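Structures given as structure tokens follow.
Both of the next two complexes hold subunit A, though its partner changes from subunit B to subunit C.
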Partner chain A sequence: MKFRLERDVIADAVAWTARTLPTRPSMPMLAGLLIEATDQQLMLSSFDFEVSGRVLVNADVMEPGRVLVSGRLLADISRLLPAAPVTISVEGSRVEVTCGRSSFTLPTLPVDDYPSLPDMPGSSGTVPGSVFAHAVAQVAIAAGRDDTLPTLTGVRVEILDNTITLAATDRYRLAVREFPWTPANTSLDVQALVPARTLADTAKSLAGCDEVHLALAASGASDGLMGFEGDGRRTTTRLLDGEFPKYRALLPSESATTATVDTAALVEAVKRVSLVAERNTPVRLMFADGEVELRAGTGDEAQANESLECSVDGAAIEIAFNPQYLQDGLSALDDATTHLSFTTATRPAVLTGGSQASSPSYRYLLMPVRLSS
Partner chain B sequence: MTNPAEDVFGELIGQDAVVAQLRAAAADAPAARAGQPSTAMTHAWLITGPPGSGRSTAALALATALVCPTGGCGTCEECMLVRHSSHADVEHVIPEGVDYLRAEADALMHSAALAPTRSLWHVFVLEDADRLTEVVGNSMLKSIEEPTPGTVWILCAPSAQDVLPTIRSRCRHVTLATPSTTAVAAGLVSSLGVDPAMASFAARASQGHIGRARALATDEAARLRRQDVLRIPLQLGDLGSCLALAADLVETVNADAAAMCDPLDAREDAALRAVYGDGAQGKGLGTVERRAKGAFKDMQERHKRRRRRVVRDQLDRAIVDLIGFYRDVLVIQLGAHTELVNAEMRPQIERVASASQPPETLLRVDALERTRNLLAANVPALLAFESLTVTLKDPSLASSGAVRRDRVTG
Partner chain C sequence: MSRSQITRGARLTQADVSTDDPVIDGARDDDGCNILHVDMDAFYASCELRSRPDLVGKPVIVGGDGSRGVVTAATYEARRYGIHSAMPMSRAKRLCPAVIVLPPNFALYTEVSAGVMAIFRDVTPYVEPLSLDEAFLDVSGARRRLGPSADIADMIRARVVDEQGITCTVGVAPTKFIAKLASTRAKPDGRLVVPTDRVITFLHPLPVGSLWGVGDKTEQALTRLGLATVGDVAHTPVDTLIRAIGQAAGTHLYELAWGRDPRPVVVPEGEKSIGAEETFPRDIDDPELVHREILRLSERVASRLRHQGLVSRTIVLKVRFADFTTISRSRTLRSGTDISREVYATARDLYDALGLERARIRLVGVRAEGLTEADDSPRYMFLDEPEIGWREAEQAVDKASARFGKGAVQPARLLDTGSSDGFGGAPVAPRPPR
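Moving on, here comes the complex of A and B:
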């Protein structure tokens, strides 16, 4: 095997593939990175039985071949390369990397037992990488992290014709985001539950792509995978199996009070108020008479008052939230103004972007903390 | 359909009833996965049986049969992947420590929620399910009771009583019998081509432990070690000789464990080094130890635990062999018409039998059982065996308990 390519191309490709290498591999060879050179193309792959990563780049291939090398080592080397064309060749059981005046030698690993990567599942369509990454980030923030409640560690993906809906909840909040996409064939109706951490990492790593292909097997097929591909980079991840909560029923259909407030001002106020209070103290918000008053703590101990201008419509309401969850929602909205709607102080509040109050594409539902007094 | 004689269940020796049950489960599995009610297939199994009866063989056979399109042919790609521990839908878990760790259970809960990717089922084989402690085990209950639709748990343990009741009650229990001497001997002849006389000796001497029978049938050193152990009852003399015999035994076992573990450790160390790029050259590269820091530490811990386990298994084997010897003594003393485990030592056994009475023999067997418990409680091996040899020499000391207490605490 022998090929040549630009430093930045190989460095990016290695960094992207090494991203998913397991840190504590269940089998040593899974810490390997597979290099395959064919017909002017170079393919790098990693796989740990849960997530696979594969990147395809153009290269000047002088001699095709296939080797497995230490992923961590190759990643370290690719960071040390000077800005010059890189030549990689196999000499016996060693790989030689030369780049300008630098040269490195890596041992090869036995490649025969390396597991074959899964194929991309059947149906697919496309969405701009930036749209996908933003939508996933907005939703993944609400996913649970407790593996004893595995279905809550996933993001529910629902594809119905031209619309994708993402949802995640850890029981304290629920984030739902809808966005359009371009399916390869119409009349699609599929659902899947994707591990949130993998989905978030993958979407972020493909954010720069003009188009990201999403691939999910039609309902009923048993290949249990979702695939993502953009600019020659492809990831598959195993799906979570199991029932995601029937979240649509949780979204309130009406409200008693609505409020609109400057997002940045509210975020800053929540930060300040919760900083001076004890950790994990709920932050209380009193919406009335054109302002929102913030206090941290409960009962008479409440302290650190602060008021903000706020347009309030409907009955006055006092409601308390976990400050971190409130801040998460406000940042995820990514909108200059925030629209909040309430039914009662014990029922969930819904946060939406002020600029899309009429038909929000993103909703962040937040359970209030019960006040003791 | 697969020829039953050559499929994955063929490796189980002397377990016809269990094989029939597991084959039926595998045959019914596709229908069960499609949502049809099934009596033969279920999502949580507990396979128990004495050491060496083939618990993990049975568990892996069922796992293979569930992911093989033809119920465990033993030759297709799926079957080969399981055999090489590289099937994406079969996870074989051996606890790293004395107990399952919380982190191991958490990782399992995550994996167990994942859908199968190339088969109908995602199968988890858990060895040593008796090492699931209450806290860790209970965190897994929900998944074992009501796993995600494609997940199957196959737990292995010496006996159902050793497993948390909460887990036990959620599993279908399959019990392996101690395979008969005839079945083990026949298995040795057919699978290893061992000479029938040797096979018969090994089957008898192993007392139904298949792995042990294989070793005795094929490994001269294992046979010699066993002979050394069985000579102990004949050589017990004054206190000094008892202590020396105990020291010899423990030393031999440690040396054997080293002989067995050193090459394995070295091979795994080399494989791990290779994977983290040992031998790489170039300016600015850190050392392999640094790249693989966590992985090396994990491996060394694993090696230590493996060695401890090998030592313990060998010591336990010595005790089993000695129990077999005194059982033979008792058979002679009582004039029972039972086949001797150590038929080739009949003259020596008769000598011991005529020099003592059955109650003493029973006390000696008690002392052996007690030693076993001491080892399980991590009492240092030398202390436990010194106490043992002294008691074997004069079993009347055991009833007072004096020797045991002195030696163990001293």
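Moving on, here comes the complex of A and C:
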């Protein structure tokens, strides 16, 4: 095998493929990156039985072939190579990487036992990469990180005709986002639970694509995979098992108080005031009379106080939140103004973007912190 | 009862501190002697004797009487037979067949202890309890009000006898370390003042084992250097000590040997932890039984949390195996809890995560740490948590227990009573034949 291509092309392709390589592979060969050179095309693949990655790039192939090398090492090398064409060739049981006046020789891994990558699931459709990346980022923030509750570390993906709904919760907050897509065939009704971290990484890495193909087997025929593809890059991930909480029932249908506030100003105020909120203590918000007053710190400890303008509709309410969770939600809204609605100080509050108050596409549900028994 | 003790106490005080002792008992020159170490005499046993005057003067020990029982306290009469605390009960009975064994009653000891600590806090706010029956007091402020430290010590001893009907011993010295040595020397029912200028003469003849931090290993190392007394250590170059026993220990012992101990009396901030543990009557390996015991201990710990208005953020599980190796695992929760179910769920998860393949277990314990007042502690709730949930249910259980007695309402799994095998009547699987 022998081929040549530009440094930036190989560096990008290797970095993208090596992204999902396991740091502690269960089998040594899974730390490898598979290089397959065919007719003027180069295919790089990685797979750890959970996530697969595959990228196709054009290359000047002098001799076709197939080889497995350490992905981590190849990624490190290609990232730092000088700006010059890169030649990669197999010499016996070793791979030689040459670029300008620098050259590397890497050992190869046995390629014959390398597992074949899963195929993309059947049904699919497309969505602009930037829309998908933004929607996933808004939701993944609320996913749980506790591996003892695996179901909550996933993002629920629901596809119904031309609408996709994403939802994630760690039981303290819930983020739900709806967005339209273009399905290849109509009357789709499928659901899946995708590992949040993989989904967020994948969506981010495909954000630059004009079109991202999403593929999910129709319910019932599910082979437990979701696939993503754009600009010659393809990823599949295994789905999570388990029953996602029935989150729709948690969304309050009515509210006693609503408030609208400048998002950036509220984020800044929360950041400042929560400086004195020691680990685990909440920030209190008092909505009344055209302003919201933020307070944190108790008793003999340091205390902080700040108020800002805010239009309040309905009964005055004092409610306390974990400052980080509140900031997460405000940042994820990505809207100049934030609309908050409350029922009571012990029931979840809903944050939505002020510019789409009537029919919000994104909702961030946040459970308050109870202050005393 | 108290009269006889006072008389006996007075005699012992006289007898205990001999006139050729380098330390003057009742010395008035107690400048700088601001630290008191107060230690109850044979505390658990003394508490028991309050209600059993017929046993005064007899060898009495307190402890579990089962096959696994150990002596938790022994009267001085029992100690004359060589009985001491932590000794297996069976051994104690061999040493003194006539010994009277009383079962422990921790509720009583806690109550007496609270009374004693209250007396201390009348004297000074600077009270550092070390256990139920001993505490350090810093009386530097109280002396202006109450007179010399020696008088304060006598006043405390008199009040403890008078109000609680038990005796104690007080060591008075410039530092914690010397105060503790002094009370040990003056036991029982005594008082010893070690003035600043007598510290060295008091300390140097003592064996090296008296130094705080010297265990068997260090003692051996010092003996190899030919150091038998504290004075020997004090007159050894500190570098030699460091070479023999290490930098930290060497410096530490040298300082102590010259009576230097900078540790202040520290008033604990609230209660540090609440725990309960259980030694099984025999080692068990059935996870089902361990779970049930963890549930019982969790109920006990959480009910104490609720009773004291505290919540805990860190739950600790302790497991001691048949070979006495002991491990503990802890998990910190998102927010403090006083809910039995949460304590149990956390402790059980910690146990399950050990992945024990039927290892034989001798003891399990559940402890709640990171305690804060429930009223000022934020409580993180789940989105799908009902407003009235387990916490409220358990508060109702507490009320029922207060009215109808402990265990009026309890988890069904713990209901099986009536058996005294310590497993709450659970059938214990017979050991499979080998």
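Observations, loosely collected:
Here, the second predicted complex is superposed on the first by the 364 of 373 C-alpha atoms of A that agree within 3 Å, B and C clash if a C-alpha of one lies under 4 Å from a C-alpha of the other, contacts with A are read in each partner's own complex, and residues count from 1 in each chain.
Throughout what follows, a contact is a pair of C-beta atoms (placed from the backbone, for glycine too) under 8 Å apart; a residue touches a chain by one contact, two chains touch by 3 or more.
Quick caveat, the model's predicted, so the values are computed rather than measured.
Upon superposition of the two complexes on subunit A, a steric clash is found between subunit B and subunit C.
By the touch criterion defined above, A:Val212 lies against neither subunit B nor subunit C after alignment on the C-alpha atoms of chain A. Of the two partner chains placed by superposition, only subunit B is touched by A:Leu80; subunit C is not.
In the superposition on chain A, A:Ala320 makes contact with subunit C only, while subunit B stays out of contact range. By the touch criterion defined above, A:Ala31 reaches subunit B but does not reach subunit C. Touch criterion met: A:Thr148 reaches subunit B and subunit C at once. Touch criterion met: A:Tyr172 reaches subunit C, while subunit B stays clear of it. Once the two complexes are overlaid on the shared chain, A:Pro368 sits against subunit C while remaining clear of subunit B.
Put simply, more of the residues of subunit A are touched by B, taking subunit B and subunit C as the two choices.
Overlaid on A, the two complexes show subunit B and subunit C touching the same residues of subunit A, namely 148. Listed in rising order, the residues of subunit B touching subunit A in the complex are 81, 84-86, 88, 106-107, 109-120, 122, 139, 142-143, 148-151, 268, 271-272, 274-286, 291-292, 294-295, 298. Subunit C contributes residues 313, 334-335, 349, 374-385, 387, 391 to its touches with subunit A in the complex. Those residues of subunit A lying in contact with subunit B across their complex are 23-25, 27-29, 31-32, 49-50, 69-70, 72-74, 76-77, 80, 97, 102-107, 109, 113, 115, 118, 147-148, 150-151, 153, 195, 222-225, 238-242.
For subunit A in complex with subunit C, the residues that touch the partner chain are 148, 169, 171-174, 245, 250, 280-282, 298-299, 320, 322, 346-348, 365, 367-373.
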